[in-house]
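Following are the structures in question.
Presented sequentially are two complexes of subunit A, the first with subunit B as partner and the second with subunit C.
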Partner chain A sequence: MSASSARVDAPALFHYVLRLGDLALVLGQRLGEWVGHSPALEEDLGLANIALDMIGQARLLLTYAGEVEARGRGEDDLAFLREHGDYLNAILAEQPNGDFGHTIVRQVLIDAFQLELYERMTASADERLAAIAAKSVKEVRYHLRYSSGWLVRLGDGTEESHQRAQAAVDALWPYTVELFAEDELDRSMADQGIAPRLADVKVAWDRRLDAILAEATLKRPADRPHSWHGKRGQHSEHLGYILAEMQHLQRTYPGARW
Partner chain B sequence: MSTFPMNTPMQDKRQWPLYEIFVRARGGLDHKHVGSLHAADATMAIEHARDLYTRRQEGISIWVVASKDITASDPAETDSLFEPARDKIYRHPTFYEIPDEVKTL
Partner chain C sequence: MSAVFTAGEPAPAPTPAPKLTPADARVTTAWQALAGVEDPEIPALSVIDLGLIRGITPQGDGTLKVDLSPTYVGCPATEVIRNSVEAALRDAGVGAFVVTTVLSPAWSSDWITAEGRRKLELYGIVPPEQSTSLREMLRMNRPVGCPRCHSTDTECISEFGSTPCKALHRCRTCLEPFEYFKCI
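What follows is the complex of A and B.
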């Protein structure tokens, strides 16, 4: 545990780190579903690389969360042995892959969020989070380059690819609001200098998304209020299917290693 | 002498064009051909090459060249192109006496 986390409220920090770690874990698991099914061999490897980066970030974050919690739970316990309502990822991450366009749009939205968040978190008062952010930000910068490059190709491509990309943006946009909905936990982390202000992240994210969507000739939907709270453990049914697949092995053979 | 643009028979409208990938392993070394891949354009070829050929820290720089832009020598002319060099071993600098003091040559 880093020196600074001893001073802060450990349960609060634990939950905040889970939000970050679960976002990476669930998105990594989702992207992994593409392996063997991508439109081209090259994309199979591209998506799998991003999936592995996500799992790598999740490992760092969940390991740290386990240390902050100090109840002897490690990365595997947190990844594989929690229940549906214990996961604190924003529900955008658990949305189904859909067609390639859906996957790319979901990726752009989350990549841009992680990039703006991690860039600021490299200056976190929590040394461990600052170090994880510094490592992750390089990966995420590449992810956004990949995903936004594809979104521009699809949006500014054929009539059909444009129409499908716009449909994906329209379908997934409502879930972005939750990423920036600041609650008491987000506010307290920002007050302590552990996390950036979500309002600042949002301004930078907006600017980035506006530029990408304009280049992709796609329309930005209006923000609407939302009534789900994945960050508080209220998930869509999609997460249940993800967990069933992801946790199956550890639940069937507890403690299995390979 | 006839020459052959590479992969002309493989060009298929439904498939992305082929790119040849060159990776520089370290500063000071030259870019080495490592393989080929399909991509919609050169930018995408760089990204694919990054994922396919540098995922185990193989390189610090990537060049991509459309395979169709590479002109290759005709395999049928191997004899006339390369055979004449075979009996000119004096072109190898192996007949010089190297002074003992010269360590690296």
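What follows is the complex of A and C.
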């Protein structure tokens, strides 16, 4: 651990790292649901590859969170043995896959968020987070290239694909507000130079999304206040079903290995 | 090798690194052993060809520290590679060693050696662009040349191929699909 992170309030850092790790883990699990069901083999491979990268990010982040917490919990304990209310992902990640367009819109929104966040986090005062961000950002660039490429094709495609893509943008947009809603924890991490300011991430994210939506001939909905707090452990009912599937094996056969 | 020299005949020239300490010899043995460890997904290439071994350094307590860099964070081959590296080091008898995962600096496809690039090409996988600008990497303005007929009239079918590190392309001239090792 870096010298700077030794001065940091460990429970706060633990919770902050969980926010990042849980976002990646829950989205990875959601994307995994597409395996064998995608519209074409290429998309099956594409979504599965992104899912793998997400789970890879989650492993790095949850391992680090466990070390920061220093109570002997490893990545598997944190992924498979925490309850609904202990998960700290923004609830956009747990929204159902819907149709392919819905999945792609959710992906664009989160890919662009991770890209802008991780790019700035490579300069984090926390060396470990800086290293994880530097590693992950290279992959996220490809994720966004894939997802935004599809959004342009769907939005600027047929009447049907355009209408479905716009419906997905309208349905998912409200959940993006939570990604950028800075609370005390986000602020404290930014003050210590561990995380970027969410306001800066939002400016860059807005610019990127405006460009992608314009190319896709889709309309950007207005930002509205939100009333959910996945980042504080208040989730939609969807997360329960995700965890039931994801955690079933470890809970039924504790410590199972293969 | 036991060479027999008659008196008066000059002895063969010493090797370029004549003052090898026992620790250096272990490092050399370790590098040689790892040259035989194949990537599970692209067996034509060794872990050294791919630039995954970032360093082998003897520690104060005599343990050899082997720095291993993962290609993609979610690559399922990472653990297989780690196990193969450990097995090869054990088989080579290098003594106590520890394999550490290095995240920073993050692995780059620029680290694939010249030999590795040559092997990729022979294997039918187009080697990655080198040190391209971000813009070029992301938009891929330049078409990837077909490894079979060398036509540049090709298209990207999918950003993600059979492994995380490769994209799927198709040649419009010879109509064959082929893989491109992504620049990262």
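Note that the second predicted complex is superposed on the first by the 258 of 258 C-alpha atoms of A that agree within 3 Å, B and C clash if a C-alpha of one lies under 4 Å from a C-alpha of the other, contacts with A are read in each partner's own complex, and residues count from 1 in each chain.
Following the convention adopted for this analysis, contacts are C-beta pairs under 8 Å (C-beta built on N, C-alpha and C of every residue); 3 or more make two chains touch, one makes a residue touch a chain.
The model shown is predicted, which means the values in this text are computed figures rather than measured ones.
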Touching partner for A:E67 - first (subunit B), second (subunit C), both, neither: neither
First (subunit B), second (subunit C), both or neither touched by A:N49: both
Subunit B versus subunit C as contact partner of A:I132, first or second or both or neither: second
Touched subunit A residues, subunit B compared with subunit C: C
Which of subunit B and subunit C A:D111 touches, first, second, both or neither: neither
Partner chain(s) touched by A:R59 [first = subunit B, second = subunit C, both, neither]: second
Partner chain(s) touched by A:R145 [first = subunit B, second = subunit C, both, neither]: both
Shared subunit A surface residues [contacts with subunit B and with subunit C]: 42, 45-46, 49, 142, 145-146, 149
Contact set on subunit C toward subunit A in their complex: 70, 72-76, 103-108, 134, 137-139, 157-162, 164, 168, 182, 184
Sites on subunit A touched by subunit B in the complex: 40-42, 45-46, 49, 142, 145-146, 149, 153
For the subunit B and subunit A complex, residues of the former touching the latter: 16, 37-40, 43-44, 47-48, 50-52, 55
Of subunit A, residues touching subunit C in the complex: 28, 42-43, 45-46, 48-57, 59-60, 127, 130-132, 134-136, 138-139, 141-142, 145-146, 149
